[in-house]
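Below you'll find a set of structures to go through.
Look at the two complexes coming up: chain A is in both, with chain B in one and chain C in the other.
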Partner chain A sequence: MPDQEKYNKADPLADAGTEEEEIQSAVESRTFDLGTMEAQTLIKNERLDDEPEVAAADDRVKPRSLWQDAWRDLRRNPIFIISGLLIIFLVVMAIWPGLFTSTDPLKCDLSKAQQGSESGHPFGFDGQGCDVYARTVYGARASITVGVCATVGAALVGTTLGGLAGFLGGWSDSVISRVADIFFGIPILLGGLVFLSVIPSRSIWIVVAFIVVLGWPQIARIGRGAVITAKQQDYVTAARALGASNSRLMLRHILPNAVAPIIVVATIALGTYIALEATLSFLGVGLKPPTVSWGIDISSASATFRNAPHMLLYPAGALSITVLAFIMLGDAVRDALDPKLR
Partner chain B sequence: MGRYVIRRLLQMIPVFLGSTFLIFVMVHALGDPVNALFGDRAPDPVVAAQIRKQYNLDEPLWLQYLIYMGNLFRWDFGTTFNGQSVTSLLATAYPATIKLTAVAFTIEVIFGVGFGLISGLRRGGWSDNTVLIFTLIVISIPTFVTGYVLQYLVGVQWGILPATAGEDLTLESLLLPGIVLASVSLAYVARLTRTTVAENSRADFVRTAVAKGLPRRRVVLNHLLRNSLIPVVTFLGADLGALMGGALVTERIFNIHGVGFYLYQGIVRQNTATVVGFVTILIIIYLAANLLVDLLYAVLDPRIRYA
Partner chain C sequence: MNSGNSDDDAGAILIDSRASGGGAPGDDLLDVRGLQVEFRTRDGVAKAVNGVNYSVAAGETLAVLGESGSGKSVTAQAIMGILDSPPGYVTGGEIVFKGRDLLKLGNEERRKIRGEQMAMIFQDALSALNPVHSVGMQLGEMYRVHRGVSRKEAKAKAVELMDRVRIPAAKERVNDYPHQFSGGMRQRIMIAMALALEPDLIIADEPTTALDVTVQAQVMDLLAELQAEYNMGLILITHDLGVVADVADKIAVMYAGRIVETAPVHELYKNPAHPYSRGLLDSIPRLDQKGQELYAIKGLPPNLLRIPPGCAFNPRCPRAQDICRREEPELFEVTGDDGAPLPGRGSACFFWKETLHDV
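Moving on to the complex of A and B:
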């Protein structure tokens, strides 16, 4: 090992003194001579301007961040474009359902119960004689609200707790991980059946809160792993050596580098949360009428499926397409952020 | 190995206690079970007090929990309000769910790993694309929709398999519910297997095995598949609990009197002992499955040693 010998030969103390001096001067210049430093950077910039050729070369090999790279990949990915357009369409439908239908989903005519499609009512009527098309359009709001809010909530709670566990380590890591295990150990549908039958009110927000409570451990696990990986990188050690505080380290250095896997998991989870809301409504513990939701409609149509399959198939189709769009989006984002898996 | 198992078992204790306590608290928040027992009539206060005494309901919640846990160690899950022991309920309900889960799990492993292997080996080919599109569709259709549609098509319209299972469960009657229950997990397993197989098929050890002149079958099964199975086994272990929990939707569609059925009855009748007993067993199964997975790692990859 030639390097080792070289190191042994040289007197380590000889360098130590000069190094210390250098550091001291650097500190001095930073704390007392800010003006000089700014001037120096200005000078540097000017020098760069003096040599346009070098600047152009710099421009060409300008390093792109992970996000710019991912965005370049995504723009060319047909799956991303298709799922993105579908999601925009569904979100518009959720916000302004009036654009797609003028029929009131709650205005029903019992004499038309279970009838097939007719002019003005392309999807036919459900068991109460309500227009299936209008109910399918208005159902998007409940599903997408639950999906988006539950994902945002679970991602925030999961990232915060998982990130803290990974960053702090030690006993706080053990405590957070064991608490996550406790929530992870409860099967989500059984938990829903028990927890949601406790609460008399069945507003959307109760269902969202439930999904957040049982969904955060999944994201916390991913976040903890990502933070532990990011924490060991050299730039974190460097930032710490420069005296960055814990909160600065976490927010400026670790979080931006650990957030990619969390986004991927959260996007895919969004699709599954929408399906979960429908399943809970199907079991009778999710949303309740008069809220218009695909899960409620599928559940009430299931009893008469053999006589009037259209009542079940249209809301089920809309639900499946929504879940599909979000899972495809998650797949595309994962491929862009993690090229190894391609 | 022995020390590792003991450490894992010790780690499970707080998780087990936490999960069961959470369920215990939630179930008791359902309302006063004694009032529910009397339905619309107002209970005679003396009788109500006696029932409360009998079931320890007059104690504070944490003490009730401690008494319950103490009984649990003697395999006594308490009694329901109509005098049935929960243990006997468990004995009637669990075999049905376990049979259903076993059928579903077998389907999931065989077809999931099989499809994933085919897809991963012929990356980019038509069979790969078919598997990818098929799994994506299966994942995005919720289980209860798949259940109703398949029940109608296969069971009623074509009459290939029985549409409902009913009381005595045969393999034939469980095949359709098993497929429905397995479908979503099967798709995940296939995608996971595909990813790891595709990643490992470019690994050095596969190239070495091919260069040695080993038959393709041996390369794929002994070298490629075995090394690709670790993430799949992790998923399968965690999924076993989810399958048993998720079985309640399938059980409802196909009229199987398993865990889901009794649990639902317990919640409607506010029978605390039933609900806590059933969920406790499910949590134990889930934890045991996860431990088993960790031990299987060493079998699949001899480089992994437990200190």
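Moving on to the complex of A and C:
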């Protein structure tokens, strides 16, 4: 079987793996002698010499898809590990802020306004005498909720519309693309100042909806391009020639091949959406008290920055770290899913 | 314009297709009559297929031979119903498959025929297999789409199919991805996919072009063997005369979207009746011509946006006369020395007699 041989030879490590398996099975069936044990040691040494960091050479012989490949890359990427740990920490903080502080962020003591840190209040107090540490911890929830929900929303809307535009082409493509262009052309801060200032309610969901409305065209553009590229592949024609329906082509053959760039853009966008929420809140058109948000705190602390810089630095630091963590995650995901962009 | 009136052409070739098929008229599995396909591009209308006629019976192999751009693949896509439109449109003719004109069927009906009753094998199996799904899933998909079987059953069927196309260790490799197979193995998987539902007709579009010469033969043998086993009709699209000789029963040579010669395979090799076929045969490198310059048909295939008037081959033809530049030759019946028509033979050349005898 020349083809079989060729396959094995293409990947020397795969070769080593199968050899080792054979030896292993010989060992297990208790037919081992010094020879096989020798061979086993040799193979192990050889592997150590060749590529010491590949500890998991065994999984190289298993079939791997694009996603498994990407996951393998990610696991070894320090940027991914650092950002991943940070994000897990932030998410835990957003879901169970009570784990980190027992102080109520809304219980304020005006007599302590602008005071520095003291025992039990490590970050000091803000202008209203509220505990800055508690507010920083509770502020994570608003930021992460807005960031995640806005990204999911924008990704869903963007992928659906962009995917349809790319798949259907022609007339539908023109309409969807022009609508996307219109939304793309609205400066996001100007749009925020205009739209959000006329809406009386300032719940988290209004801000999320606003970001989705202005954010989807970016993802739709990427999605449309990715779908058009995937659509022209031979395997799509082949699937069509074998009787796959349009919906099956779209969901089963095109989407899995087009989703990688969308995920990359969405992960990077997540960080920017968190920053956007803070910006909008800072400008007074985003979230409003009593919601606890870093943006609100930064905004209210900015007036007294020279007297009490701690009021601004802690929430701003938390915001920077969060945005940085998500952007780093986005970079790591991009490297793993699209090595050509590196 | 002659190519526009497909009926005359159809009449001319139908005679010989029936003669070669050996069956009564209408017995053919697939009968393409006067097919016309055009691509509407920004630069104008490209007439890719101009009145093609051919037929395939069950168990028969028809080789469609031609250069790139001769319309052989487009004809196949039109038969399968996977022409990209826009810009491609079928503008005329009939595709009669098992007595039904496919061009009169709705999209959904045609989709059900694809895969189930006719299937296609593509040139480059690496790009024709989806990189994100395992081959087992892609093979099983055929059963899941058309038969609605469970995942588990589909996988068992996939292993069975892989065994049938002789992929070693099918059970272990069913979860592998296309890039983990060698070229020959991938093409076997393509073949397995096309054969999954035991269709009546297979269209193989240059199935061995992307393969090593040694593997080519294996894949062609496998295809021929499976074709005989299932008694399928096979349309083999190729530009490789070597591949054709072993497996095909009859040949249709295409040039600029028309069929210029039809013949049983060995007769064409022995005695081509069209200058283009002769040119193709003469451009095969041969051992006994060592040291001599290799023959090449001069010039380039015509731009399909501006097919020359008369015979499309006339600017490149060594035999071209005034009549070739004025009139478009129909597919003439080719007769032997005794004047009796040679079965299955036709040539769209005014000087077929001279070409046949090479004078």
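Methods note: the second predicted complex is superposed on the first by the 279 of 342 C-alpha atoms of A that agree within 3 Å, B and C clash if a C-alpha of one lies under 4 Å from a C-alpha of the other, contacts with A are read in each partner's own complex, and residues count from 1 in each chain.
Keep this in mind: a contact is a pair of C-beta atoms (placed from the backbone, for glycine too) under 8 Å apart; a residue touches a chain by one contact, two chains touch by 3 or more.
In this text, all values refer to a predicted model and were calculated from it rather than measured experimentally.
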item: Touching partner for A:240 - first (chain B), second (chain C), both, neither; value: second
item: Touching partner for A:278 - first (chain B), second (chain C), both, neither; value: first
item: Chain B versus chain C as contact partner of A:170, first or second or both or neither; value: second
item: First, second, both or neither for A:257, with chain B first and chain C second; value: second
item: Residue contacts on chain A - larger count, chain B or chain C; value: B
item: Partner chain(s) touched by A:302 [first = chain B, second = chain C, both, neither]; value: first
item: Contacts of A:194 with chain B and chain C, given as first, second, both or neither; value: first
item: For the chain A and chain B complex, residues of the former touching the latter; value: 178-179, 181-183, 185-190, 193-195, 197-198, 271, 275, 278-279, 282-283, 298, 302, 305-306, 309, 312, 316, 319-321, 323-324, 327-328, 340-341
item: Footprint of chain A on chain B - complex, ascending; value: 11, 14-16, 18-19, 22-23, 26-27, 29-30, 136-137, 139-145, 148, 152, 156, 195, 199, 241-242, 244-246, 248-249, 252-253, 263-264, 267, 275, 279, 282-283, 286-287
item: Complex contact set, residues of chain A against chain C; value: 1-4, 6-7, 63-67, 170, 233-235, 237-245, 248, 252-253, 256-257
item: Residue ranges of chain C touching chain A (in the complex, touch as defined); value: 80, 82, 86, 111-116, 119-120, 122, 124, 127-134, 141-142, 145-146, 168-169, 175-177, 180-182, 184-185, 190, 193-194, 196, 214-215
